[in-house]
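Presented sequentially are two complexes of chain A, the first with chain B as partner and the second with chain C.
Right, the complex of A and B next:
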């Protein structure tokens, strides 16, 4: 079966995993400070920021993709950045895909981490402060370990959601094998060209992946709830 | 006063509908009780001292170090306080040992470089069997002991305790109180101890700050505030004075110790007592009667010559509305320790009616029916005639 699938499939699988892994790392790095700020600030406009972060949840991916295309394209800031290394645009590139995926997956990462930070309350950080810990040390040695279940959920959701994205990729990535042609786009391609066997194998694989991800997340949360008692 | 040797605090601020306007100065040594009804602002004051809460108009100086004034605010982690919360609040992801060593980042403090060493704290609080456990495998009392140890091992200049026993049942309380007493007696660490339970304060505190609806009603020595008729403590149902005594004699045949205080002595049954050791007594106002002449042929053990300092009818709203609150000082010349007596107005009139005006310093005898020894509250040793 492996031999009979075209090498294109494996290139797409590899690309999808790379994209999801890099996106997860970047989105955790960006989402954690946002989640921390949202959970601790008393600024009245914090829910405005929270709403902006959450908008990809309800926006059609094509709308998101359209704006990203404008921003990443040759006439937007993305073009300027690409110009730094002699490129013309960030659209239709792997970098562009990572940027798009980060924006698209951000709400799935910020929400669980914010919830975890809020659930722990002020007390552990106050205890840390009375034990001479600077806010920086308290964050790394108390807040992050206590929010671990939130981080796990965030990482799994961020990864899985990036694997499953389609609309945004199609808008800003196009369909370049080895650069932007991820699994979901490949399936679309196979259906368009009536390659039903490939399409059904990949779709089945994706369904199995989604099942495993969600089941393991539920089990993880149950375990975390037990340990947290 | 911002000088060395004192804790000076002054906090003004509005917290929702609650107005805080508290100011006091107490010595930076021994245990100071912060006492008042719930909602009087005790915890808020403690949080302000710790730097966990910031009121705009605040002043805090501890032993010559300014922690907060008009222009500066030192954050909590640079104040050198230890804080014991009502709930132990151990870090659930760390073992007992790593909780204890959190402040020193894993380094084991050792005397004499540190004020209290790891082994000393473990011994003082009886933690040696718990060190490898996770916090969720500890009982409530064990958790609170670890929390106290953790605060001590941060080598604080001031230990703040916010109702550390109130979340515990009576049995666990009496398990922890002896540890607190050992702490007080073996370390030269100033402690501010918040409680709404006068019994706890009587056991551990030397000084008292009395709070009422966001204000400091009075601050001073515990037994002076207990016996001040202007304060609500003296007219309370459980009014009492606490006296620090020294064992001066022990009669093994009767199992009776003689405890000496300023200008007086008490006979107290005790299973054993080392001469020269210190004991704390609480004498409830309702257990003290008065007589103008020394009574003969009575089984009351403790009859002490004293002089009346003041006699005030309790206010109509007090729990003891029909009683007189009488403040006494021990000794024939009335210069010794203070004692408090509640007597009914009728007996007061019968005995003292012929006194047209009560001469301050009138000599009387205080008849003490019962004396409670404080270090063993689980089985209070009381002397009943």
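Right, the complex of A and C next:
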């Protein structure tokens, strides 16, 4: 490796990390109330909501990409929002990618948090209530700390899954360096144009990243299980 | 246990597929550059009617197919959007050099869904749009031609920040078609039968002619359907279809 990688690669790495970090924050902010509601409500239709949230697990990315392209476009709500700052469409923008990634990664975040909330049962919150903690305070001081392993899993999965996203980005991104050309798309580009060296270095990096993420997840869950006992 | 059963099932399917493929020798897989999608479908239908052979078409960017063919993809014929890639495949021994010929010469168009929007090169000069859709110039010849055009007009640097790139020409078209980009460079063939919007057929002086070559691949060398398809592509019936879609024909062949 005498030649260094082109600056394009570093732009793509930086963009991917930014996208994954921002998506993780947004998806935790949206996913936590959904997970809480799902774990506490007795509404008969709660599993309908749970199903809708989980659908991106099964849907091909092309289906999401297609819907997003239409919804983000000038004739959809995305166009209206973009109009606020004089734009026409949210497609081909970093904002558009964040919206797509949030939808796509939501199930990976809601599921572990919901499980953690359900696993702790009603008891800790009842105790908190008898000690006159308001529901809001009980949530923050009792439920969230108890569900910590669930949050950790959710954050790691949400981040990693966004890094690994490809189909949706390819369809709504437009391959713009620094705005929408994330690592997975850059790799696709290198393969399409027979630039094997770049493709193999980046792919190797992604494989190493995936290995570390999954291994640390497994170790974290083991540790949580030990502490739980 | 479950995994081993899954693998067993997968192997069975694979074997069945290979056996079925052998039994039906009158079928050829054709890799088609995306700009040629519509005429290729029509040609394949006519080819089937006339010869009984079946051409199974795959569409994508020329760069994508080039990479796949290098990795032993099961295509018998390659209809590229350029001359360079079929030539390189022949040099590498992956295609029959003598079979290479220009089946069509493509035309580049600047297109918008809004009528009255595109008014020739002035539209590019005024640059009143937010997004200009092209296809990836590194992987697709129409993207390269779009870049050449803008360089000839000395507008490339000014317009570059407005580019959105489709992975192939179909995606570049679709970005404009969904209204997400106001204008885009597409292939004239894609606008056949599409009367709406506004367009500017880019003068040939602004970009190198897009000579699109077909080639018989090594995988198709012994396939009757593959050789027959290339013959059919040279014939009057196919040439009429190609012209109908706005391509020029190579008079030399």
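Just so we're on the same page, the second predicted complex is superposed on the first by the 226 of 229 C-alpha atoms of A that agree within 3 Å, B and C clash if a C-alpha of one lies under 4 Å from a C-alpha of the other, contacts with A are read in each partner's own complex, and residues count from 1 in each chain.
Simple rule for what comes next: a residue touches a chain if its C-beta (ideal position, glycine included) is under 8 Å from a C-beta of that chain, and two chains touch if they have at least 3 such contacts.
Computed from a predicted structure; not experimentally measured.
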item: Partners on chain A (chain B, chain C) - clash or fit; value: fit
item: Partner chain in contact with A:175 - chain B first, chain C second, else both or neither; value: second
item: Partner chain(s) touched by A:189 [first = chain B, second = chain C, both, neither]; value: second
item: Chain B versus chain C as contact partner of A:146, first or second or both or neither; value: first
item: First, second, both or neither for A:72, with chain B first and chain C second; value: second
item: Shortest span in Å between Cα atoms of chain B and of chain C, once chain A is used as the common reference; value: 40
item: In the complex with chain B, residue positions of chain A that touch it; value: 123-124, 126-135, 138, 141-142, 145-146, 148, 228-229
item: Chain C residues touching chain A - in the complex, by the definition given at the top; value: 61, 63-64, 66-67, 70, 130-131, 133, 136, 138-139, 163-167, 171, 174-175, 178-182
item: Chain C partner contacts - residues on chain A that touch it in the complex; value: 69-70, 72-75, 87-89, 91-92, 170-171, 174-176, 188-189, 191-194
item: Touch list for chain B against partner chain A, complex; value: 50-52, 75-78, 80-83, 85, 87, 89, 91-93, 102-103, 136, 150-151, 154
